[in-house]
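Going by the order they are written in, the chains are A, B, C, D, E and F; count residues from 1 in each one.
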Amino acid sequence: MLMVDHPPRDACRTREQLDLALAALALEQLVTVVFIGEGVYHCLPPDRRPDSDVSAGFGSLELYDVDRFLIEEDSLLERDLGREKLRFDLEPISRHALRDLIREQDLLL
Amino acid sequence: MSVTHLIFATPRTPGFRQALAAVSTGDRLLFMGHGACAVTRTDALTAIGDLEDIHVGVYGPDLESRGLLGKIADEAVMVLDEDGLLAWMTANRLNRTWQ
Amino acid sequence: MTPALSLAILLSEGPAEDVRGSIARATIRAAVRATHRVLPVLFYSDAAYTLLPCPARDRWLQLADATGATLVACPAAAERRGISVETLGPDTGIYPMGLPAWLGQALAADRLLRL
Amino acid sequence: MSVTHLIFATPRTPGFRQALAAVSTGDRLLFMGHGACAVTRTDALTAIGDLEDIHVGVYGPDLESRGLLGKIADEAVMVLDEDGLLAWMTANRLNRTWQ
Amino acid sequence: MLMVDHPPRDACRTREQLDLALAALALEQLVTVVFIGEGVYHCLPPDRRPDSDVSAGFGSLELYDVDRFLIEEDSLLERDLGREKLRFDLEPISRHALRDLIREQDLLL
Amino acid sequence: MTPALSLAILLSEGPAEDVRGSIARATIRAAVRATHRVLPVLFYSDAAYTLLPCPARDRWLQLADATGATLVACPAAAERRGISVETLGPDTGIYPMGLPAWLGQALAADRLLRL
């Protein structure tokens, strides 16, 4: 499970999180990606296409057969964001359910 | 003398709380970088709302790149372009960055 | 019209993020349009890593070209991070200036921004 | 399965809150680096105290270098040396760093 | 006024904060140093002398005639620290008073 | 006595702080005493800056000498930060290993720590 909890605009860090997910997928791991905390902002489409929208790369993970693609609902609520505006097809998960899901993983990244 | 607070800290962080604790009448709160999202969050704006007579601005491109331009939760927030950014940055002699 | 101001900027963030860096560049572009005087921009602390070739350095050099802004880095900060002081100069477009020298003129500026 | 939480985040930061929200029965909370000071702060320990049946440890040298060794606010906190650090780090297959 | 708000053990960052204060003093500025937030930990004497106690360098600022050497009381209280254990001779200041003092400065660093 | 474990460590913090780095080294020293197997330690993200000469690098090389631990850095992470890939090797004591190759063996380890 990869937990994305840092905000966008750290293009380098975003890129390196993505590479980690892609490397795990290439090694035929079952990968679950969770957006949590400030990381949920990756999932909003930018109002105008900025020079480099590295976060869009998380969308390509869908093509690579990510096992589960989750967003923590409480992080959205805390930021007054609704699920209807998100650009990726994400499954909502409560903070409570995430706590239990963490325990079923082989690895947390 | 009034102070311009350059706020890169996100809401609910120690830097954010320190910034608000340092604000006084007439100050400018300028939200930028990861801090820009504060103007879309009611928890953050409520904390700011308790302060009297302060100016709140946000650097537009930092909101736009996050898809948050239409989500500002208070009409009094000024959305600034590059020139507005400079005007706010230099409006007071005193400024402080909060990370 | 506001009167022209002199503006000193100290950057301490590493180039990988470049969040505060992009704000600094936006401010400088606007300052040049407003005919303010932009003093040498100091790369201090982890910003000294901007001396190495990276996208943030390209963006800074582009800005220096377009606006005439002078870019300087603190040799001590660079050395502490294992960056050769010899990279400072025309090769990188970022020149050496020690913290005391920079601060000396920054204190006389109308505005000092620490980003 | 139990999880070892490697906590570098300081109290009252988002990372600290996220860590506590992820803790469940049987987990280990290991405070290190800047996070070591949590075990001397009643606000932090109160938040942890609400959780049941968890183990709390701190890396001793990170407390010592801050002069906080005598200030631990709860007797149940284990002070770990290098070998203890490793034992806690590896006690569970699952671990997660909170920054 | 120099506000020290980051914790010790970032030896490099601590050193560079110190250098900033020393440079300002060398330029004959009236310097006020305030320890606030996580920065207050610089002011505790370490239990055992660690390899490099860079924070001790703040003590040397006293010799250089720092105008005021302050510690924010509320930051101490939040961390359950008392003033009696501090290694430097610091003047306490409340959060409220600091807010007003900030406004009297020429420059905030 | 616990059975011997294999231990993979990924470090992503820059060397100026070296807070998580010092925890990583303490863990490795103890692991070697416990006769665990320490897999190559990967310097990823800003930890790639450790390739440049700095106090943190000295501490890492000292550890490698004392414990036999292998230090590797991701060439892509280094390149992205303008650090020449040629520094990877015997000169710096930090060897090249890509993220996929590292992750391949790290996934098979008993414990993976991301510091």
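Everything that follows uses one rule, which is that contacts are C-beta pairs under 8 Å (C-beta built on N, C-alpha and C of every residue); 3 or more make two chains touch, one makes a residue touch a chain.
Since the model is a prediction, treat every value here as computed from it, not as a measurement.
S.K.: Average the CA atoms of each chain to get its centre, and name the chain whose centre is farthest from that of chain D.
M.R.: Checked the centroid distances; the maximum from chain D is C.
S.K.: If you average the CA atoms of chain E and of chain F, how far apart do the two points sit, in angstrom?
M.R.: Each chain's C-alpha centroid was found; their separation is 34 Å.
S.K.: Counting only Cα atoms for the centres, state how far chain A is from chain F in Å.
M.R.: Chain centres of chain A and chain F, defined by C-alpha means, are spaced 26 Å apart.
S.K.: How many angstrom between the C-alpha centroids of chain D and chain C?
M.R.: 40
S.K.: Find every residue in chain E that makes contact with two or more other chains and list them.
M.R.: Answer for chain E, listing residues that touch two or more other chains: 9, 12-13, 38, 107.
S.K.: Among the residues of chain D, pick out those that touch two or more other chains and give their numbers.
M.R.: 10, 12, 14, 33-34, 61-62, 93, 95-96
S.K.: Hey, what residues on chain F touch two or more of the other chains?
M.R.: In chain F, the residues touching two or more other chains are 16, 19, 45, 80-81, 112, 114.
S.K.: For this structure, enumerate the chain pairs that meet the touch criterion.
M.R.: Listed by label, chains in contact pair as A-B, A-C, A-D, A-F, B-C, B-D, B-E, C-E, C-F, D-E, D-F, E-F.
S.K.: Touching residues of chain B toward chain A in the complex: what are they?
M.R.: Against chain A, the touching part of chain B is residues 10, 12, 33-34, 37, 40-43, 61-71, 73.
S.K.: State the interface residues of chain D toward chain B in the complex, per the touch definition above.
M.R.: Contacts found on chain D: 10, 12-14, 17.
S.K.: Give every residue of chain C touching chain F within the complex, in rising order.
M.R.: Residue list for chain C touching chain F: 14-16, 45-46, 49, 52-54, 57, 80-83.
S.K.: Which stretch or stretches of chain C touch chain B in the complex?
M.R.: My answer: residues 2, 5, 7, 19-20, 22-23, 26-27, 29-31, 33-34, 36, 110-115.
S.K.: Could you pull out which chain D residues touch chain A in their complex?
M.R.: 1-3, 14-15, 18, 21-24, 93-96
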